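Only one structure is covered here, and it is reproduced in the block below.
For clarity, chains are labelled A, B, C and D in written order, and residue numbers in each chain start from 1.
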Amino acid sequence: MTKADLTIRPITARDEPDWRRLWTAYLAYYETTVPEAVYATTFARLLSDDIREPRGLLALAEDRPVGLVHYIFHRHCWRIEDACYLQDLFTDPAARGQGVGRALIEAVYGAADAAGCPAVYWLTQEFNYAGRMLYDRVGVKSPFIRYNRPPK
Amino acid sequence: MTKADLTIRPITARDEPDWRRLWTAYLAYYETTVPEAVYATTFARLLSDDIREPRGLLALAEDRPVGLVHYIFHRHCWRIEDACYLQDLFTDPAARGQGVGRALIEAVYGAADAAGCPAVYWLTQEFNYAGRMLYDRVGVKSPFIRYNRPPK
Amino acid sequence: MTKADLTIRPITARDEPDWRRLWTAYLAYYETTVPEAVYATTFARLLSDDIREPRGLLALAEDRPVGLVHYIFHRHCWRIEDACYLQDLFTDPAARGQGVGRALIEAVYGAADAAGCPAVYWLTQEFNYAGRMLYDRVGVKSPFIRYNRPPK
Amino acid sequence: MTKADLTIRPITARDEPDWRRLWTAYLAYYETTVPEAVYATTFARLLSDDIREPRGLLALAEDRPVGLVHYIFHRHCWRIEDACYLQDLFTDPAARGQGVGRALIEAVYGAADAAGCPAVYWLTQEFNYAGRMLYDRVGVKSPFIRYNRPPK
């Protein structure tokens, strides 16, 4: 596969089976699952016209869906325009090493620019070595780490 | 000062001078400044009734404003309810060591519960030692680190 | 106490009770203990003339022992002279904030220079915030992290 | 290549050209070089009978040298026996993915056991993703980070 065979486009209603398959595999990487209501709600939000709802892109290699990205615009106190939080990024293991992840991130950069909110960021586990090999090339590691409210 | 003397309440229109003073000091910690338009816009958003706009709380010790916190609800693909991003937290250096930061974080926990969005998180620099001494007590460090889109 | 009241000198045989007290407190910080044979062996090594045995310095504030440091010279493949590993550093909690830790580290720098092995390094837990506040001033954080052989 | 084709043995005098080639490539990974005197001194030390001098092992795949490891025993204040510091580890890029690095680390474990000093550790850069993929399997990440004395 050459990069020319790779297409990135917004997720549409007919992508639901592929989206489910790819997102389930992504969630499995984090050793988690979500209930059916979350699949239904998140997919509906991805199709919404509301810019504050999660946005989603699909990567297709020779017309076959092989990757996805979800991103969310939200307020940021330090600037007038929103920030763009790239939340979920996944490439089918069978399609790795072909630039899919990079193309998805760059497509989010483009979408963020188009929305007038160019500041894109994401979070990744410190030990996500394969991911970070890519992230060091397309992004810049910051010294910020995440704390969570403890579980009740 | 005992903890009984500490009050946490939403920021109101008449707090603007104190809010400016405290937030400017917070931004100075990050060696940054924001233009006047950001002060005006962010303050107006803090006063808005829209739950998706930044929310702000003020800490008062014996009626004197000594700390602030900003938090933002935003979509999260993994659940139906929003996540709560605690973006800015500041205590006047003269009022440190008296539980102001902890009280502000706990007030955000309460506000997040009240909004039905209990999942609160924040980001901090790995070398913010004083902050992390508190965060390790009121929160849980995750292995997630932040990457940013490179500056153009 | 002013810095003028602080003395750093090598550990001698008559320091054993103070050394035991301070080192036990240091080990307690790491939630560990060592058997009596290790106390006896390490103290004997500290008194040895052999440069490859652990070296130790005591900090005295107004003649009262308030801190210690242990350092070890060892081979380093990248250079001809040995490296100097500053292994243990402790200041009595009652004597903190008075420059004891810094004075001990700087004394190790001096001893390393005198031995012709100026390259000093140490390891600390990522979350040793109080220590790192000092280390960032007297040393330079490297990107190196430590891996251990797993327990059998 | 199967693992059966892999041999690990101590470095000997006739290995000098291969050792130089492999170690130079290792140092290049760290974007550094060492003067000729360091090559000569370190190689002589590797051949010494003195247990406190650096020890070295070579990995051979079908009799061709493809990797090396250097390790150093040194005193440790917390125990009677020495610690074993695995300082340098390198696999020829052309021979990666075949277990060479793992075999070298395990050979150091064996040598440390034979010397009665089973506690082996090493340091690696936080962003050495390829190395850490291996180290997470054969070792345990500790929370310790390294500080260095500043350059004069």
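Side notes on the structure shown:
One rule holds in what follows: a contact is a pair of C-beta atoms (placed from the backbone, for glycine too) under 8 Å apart; a residue touches a chain by one contact, two chains touch by 3 or more.
Note that the structure is a prediction, hence the values are computed from the model and not measured.
The chains that touch chain B as well as chain C do not exist here; no chain meets both.
By the document's definition of touch, chain C and chain D have no common neighbour. For the pair chain A and chain D, the fraction of shared interface numbers is greater than half, so the two copies use mostly the same residues to meet. Averaged C-alpha coordinates put the centre of chain B at 47 Å from the centre of chain D.
For this pair, chain A with chain D, the centres built from the Cα atoms lie 39 Å apart. Averaged Cα coordinates give chain A a centre that lies 26 Å from the centre of chain B. Among the residues of chain A, those in touch with two or more other chains are 126-127, 141. The complete set of chain-chain contacts reads A-B, A-D, B-C, C-D. By the touch criterion given at the top, residues 126-127, 129-130, 132-133, 136, 141 of chain D touch chain A in their complex. Only residues 27, 32, 34, 37-38, 41-42, 45, 52-54, 70, 72, 74-80, 85, 87-88, 109, 112, 118-127, 135, 138-150, 152 of chain B touch chain A when the two sit together in their complex.
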